[in-house]
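Below, chain A partners chain B and then partners chain C, in two separate complexes.
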Partner chain A sequence: MAGATSDPRLESNLLATFFLQTTMDLVLLLQRVFDALFNSAIYSSLALALVIIFRSTGLLNFAQGEMATFTAYIAFVLLAGPQPRLTGGGLAGLVPGVPFTVPLAIVGAVLCGMAVGAATERVLIRPLGGASDLALVNITIGLLLATNSLMAQWWGTGPRIFPAIFPSGAGQHFTILGARLRYSTIGVWIVLLSVLILLILLLRHTRVGLAFRAVSISPSNAELVGVRVGPTLMYGWAMASGFGALAACLSANSVLLEPNMMLRVLVYAFAAATLGGLDSPKGALVGGLIIGLSQTLIPAYVPFIGFELSVLPALLAMVLILLIRPAGLYGTKRIERV
Partner chain B sequence: MVDDVFDEVGLKVENLHASYGAVEVLRGLNFEVASKGVSVILGANGAGKTTTLRAICNMCTTSGSVVLGDEDITRTGTAEIVRKGVAHVPQGRGTFPELSTMDNLMIGAYTRKDNEIRDDIDRWFEIFPRLSERRDQLAGSLSGGEQQMLAVARALMCRPRLLLLDEPSLGLAPLIIEDLFERFTTLNKETGLTMLIVEQNANLALEMADYGYVIESGEISLSGSADQLKNDPAVQEAYLGA
Partner chain C sequence: MFERQRRLSWISVTGIVLLSVALAIIPFVASTTGLRQASQIIISVLAVLGVNVATGYGGMISLGHGVFVGVGAFATGFYLDDLSLPWLVAIALGAVTAGLSGALVGLPALRIKGIHLALVTLGMAIVFQPLSKRFPKITGGVSGQGVEARFDAPNWWPGDSRMASAVYRYLFCVLIVVLALWATWNVVNSRFGRSMRALRDNHTAAAIYGVDLVSARVTTFAISAGLAGLCGALQVLLVPFVSQDKFPAQESLVIYASAVVGGLGTIWGPVLGVIARTAVGKAGDLVAGFDGLGPIGDFFSLLDESAFVFGVGLIVLTFFFPRGLAGIGRKRQPSG
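Showing the complex of A and B:
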């Protein structure tokens, strides 16, 4: 009968529509992945900072995000030059007379971050070495609040425009299979991967790196081979806060600079670090990717999870992975002595 | 105060007290270690042997005085004491289980700035070929005997002048213990390294030591040359199983 054989033209039309639709879906998926990559890099950088400190001291530094934002303000001040309106109250006398270029301001911010990190270890953490870890974690929460208020006091709570580090204008992207990969996304990944590689080389192939690993395994045994534990930990805090500063400066353009800028990022970075295994730099990277991607993709494809609930998938991913691997994806299970 | 027993004193401990919190573990120890000699401290579990070594390295709260050569190190920090040439193989061996054998040896040489570190590592690999075979393995995956070899090699990588050994025989098979103690003797004869060994295995320890002390509830109860102690009825009964 007529119904048994369908119109070949209609069939090819349907097929074409189907392919077109699928292609569009795939392009959209790729676009979402590309978009998520930028945030992923930021989460990974801050997670790296958390991992470095956890590895060496067994502490979670809740102030990591605020310390990072603080350094982004430093970069902001360096960029602005001597404009009293923009200069933080306490820093007015220290601001250089000439505005810095963007890369130089970021180097300044990273150096300042390292100094702040080192000082935090020396002044707040080391003298309380005998206190319990929980007490020290509470101190970092106190530091979070103090830093946050200080920034509000000096620079106000209004958002500031932070210059873009990488070209991020309308047309500045590659087009791959119809999806746009922005230069700035590539830029943050290049920065993130280079510092990560540098960190791994430092840990694996230098004397300081070896001392750092020894201290993170056993401070008392490290001391027995002549490693000065205090200063080694201080380098760790400096390094971590340097990473934090980088994370803040890289994201300040897209989220606008304000005192609470890194608060959400910190939550995601915590999730990323936990997911990856709190003591693994590689885990921080992979964790940041998983959190960044699931935060974008799951609300997009699972209708009942709206974008407002985008934290949920991250939390679920974390719980699932910790159920299966309590040490996280790449975290070391401590080897018990025989 | 005690008179010097030896011509040349490597380590002199006077009126050493040590406590963990409210518990006093050492109650006024006096003893000496001859330079280039091997001294042993015997004692039962809980007598304070481990604490004595920890106190020498300032790893617990102490009072009294500890003099290394002619330098007072009572108030010196642990890392600084190591830098002055004291190597300590603690109980639990002091190796880093999550580092490779090679890295453990490298970190042992942390205080050194010379360029003979690689040569020293090669020498230890010659002495302990088992370690050479396992150079890239994590220290935590080595057998007990291999870990003890690594611990000793790790401690000697800093080229110390005084080696403190905390129960090196603990948990090892008798053959391995014998081999290990033979190596200690050779090491002492060849390099003149001063050693202070804390042991429960009195037989072996007195075999290689020149001089010995017996510690009971945080005090030295007996001292003398190794031969004297071997023939002492009290030592025989309590430590030699005679």
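Showing the complex of A and C:
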């Protein structure tokens, strides 16, 4: 290549190719970041659900994903009317179908999810009264299994097409520096952030919010000053399940609605919650952002981990954080006294 | 339970007698297929026993034992076909491989405890399927692959029909399961078993009394994973085909549920759990046969889904019989 360097035109050509290549790589990177932002919002919102419950009740709700999927099916039924199972008639025929618009159906599903969450706390968690980890795991795993097969039985295991809430066809995007930022990504973030702001206002400026914060810090002390712990926890569960329902309804369009839809998402959300610190809502948001980005970027740049295995880095990250820094980024450090 | 039970209660004796009679009758009444299915049910005791060792005796919640069953099955297939090892060696090595992978999981379990360990093992159960699709040479990728080797009756075995071979395989499985139960019973009542349970009840106190936390936790998890791996190895013996689609996350959860429903921390718990799982499956088949009941029929058809029944069963038992089926007749103990 000694001759090549002596030729100035070729050199500038090489330089131009190099620049073009770098710019294309950068645009591709930006594109991947934009794509990742959509998933990030979903993971953040499911992680928030997990964090709200862990913070107040001290349990990891393994059934959160399945409960969320259930509400997405409810939105689907609200939209499309009773859905027969793919194999024949079903119990779903009992659910009256009203023609809803997409946002209205999602609001309905979120309300349903909140009711289910509150009922779960009242009926399954509160009577146990701070039982062992084992009992709580049993309850949530039981819920996971039961809900999962219930959905498979009522609505079939085949994937359903869930309508998009935001315009998400071809060409419906902003172009920033050559990369496409889809309207749906922006829409999902707007919804997530506005619900978050609502939540913060609720926590800071209402009596219920104050009670909830007190219970999160110390249930026994809160009880001593007259806060009714049980109902407050129930509101917490309702809030959490609302976030879960939102996550499921917003993502159902892109991942197709099926009973196992949230199983993997649950791993990402748990990884996000762990990364942020299991008892920190801020951590859930940041964790969701990081996990969402790494889910798209790692498979793109590490060939061994294709799309199928993209859940592996999330799991490894979760294990490493629990080993090295169990409090995560923003969580409260726990000290074990002997 | 800190003292070894010297006498068997009459319930246990009746149970053992009934079970032995049932096990002895099956080969005379079942077809080859029926015998294979019976064998499959019998070996599934091993996986549940594995969960019982980790969770019931060791106090480490494992929601991912289906993974070790899978590792055992894939490893046995690999040793048989690629390394052409004899059956007994392949089965033993398959269980050992699963045990080693269990020890790997047990290592982080030193610091990750309680509900966090449940989280990690659940993650493991969810990741296992896509991960095994990535190693098609061993696992056969998405569709799975057949195993060439066959486990046939040796020459001295009377008869050489397919039925004779099936009976041979059945008896082999029963023998292994009985041996495994007996070995586990001895391990949990040994010095090591006591330190294991001490660790479960109060790990700080156990450490003060001189229990080596690291080796106790890792060994417990390795034993429990090895038992699950043995189940996987015997699956290959019964059906010479390995595939990732036998090991979805739900399978791990149903194994866990069987262990809880049967009764954690008891030696007969896994047997009862598997009997319950089988009974539920059979009952489901029966009610699924009815038609024309409308929505009620649909509700009954839910019973056909053993995952549904076990999910509900898990919740109900946690409320009313926290010690599982094996604990129903017994008095409550001050500490569990």
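To be clear about the criterion, the second predicted complex is superposed on the first by the 293 of 338 C-alpha atoms of A that agree within 3 Å, B and C clash if a C-alpha of one lies under 4 Å from a C-alpha of the other, contacts with A are read in each partner's own complex, and residues count from 1 in each chain.
One rule holds for everything that comes next: a residue touches a chain if its C-beta (ideal position, glycine included) is under 8 Å from a C-beta of that chain, and two chains touch if they have at least 3 such contacts.
Worth saying up front: this structure is predicted, and the values here are computed from it rather than measured.
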item	value
Partner chain in contact with A:Leu136 - chain B first, chain C second, else both or neither	second
In the superposition, chain B vs chain C on chain A residues touched	C
Which superposed partner A:Asn221 touches (first chain B, second chain C, both, neither)	first
First, second, both or neither for A:Leu263, with chain B first and chain C second	second
Contacts of A:Pro326 with chain B and chain C, given as first, second, both or neither	second
Which superposed partner A:Gly158 touches (first chain B, second chain C, both, neither)	neither
Which of chain B and chain C A:Leu145 touches, first, second, both or neither	second
Contacts of A:Arg207 with chain B and chain C, given as first, second, both or neither	first
Which superposed partner A:Pro167 touches (first chain B, second chain C, both, neither)	neither
Intersection of the chain A residues that touch chain B with those that touch chain C	338
Chain A residues touching chain B - in the complex, by the definition given at the top	207, 210-211, 213-214, 217-218, 220-229, 332, 334-335, 337-338
Chain C - residues contacting chain A, complex	55, 61, 63, 108, 111-112, 114-116, 118-120, 122-124, 126-127, 130-131, 133-134, 204, 249-250, 253-254, 256-257, 260, 264, 295, 298-299, 301-302, 305, 307-308, 310-315, 317-319, 322
Interface residues, chain B side, partner chain A - complex	57, 59, 77-79, 82-83, 88, 90, 92-99, 103, 106-108, 110-111, 138, 140-141, 144, 147, 154, 158, 171
In the complex with chain C, residue positions of chain A that touch it	59-60, 62, 89-91, 93-94, 124, 127-128, 131, 133-139, 141-150, 152-154, 263-264, 266-267, 270-271, 274, 304, 306, 308-309, 311-312, 314-315, 318-319, 322-323, 326, 338
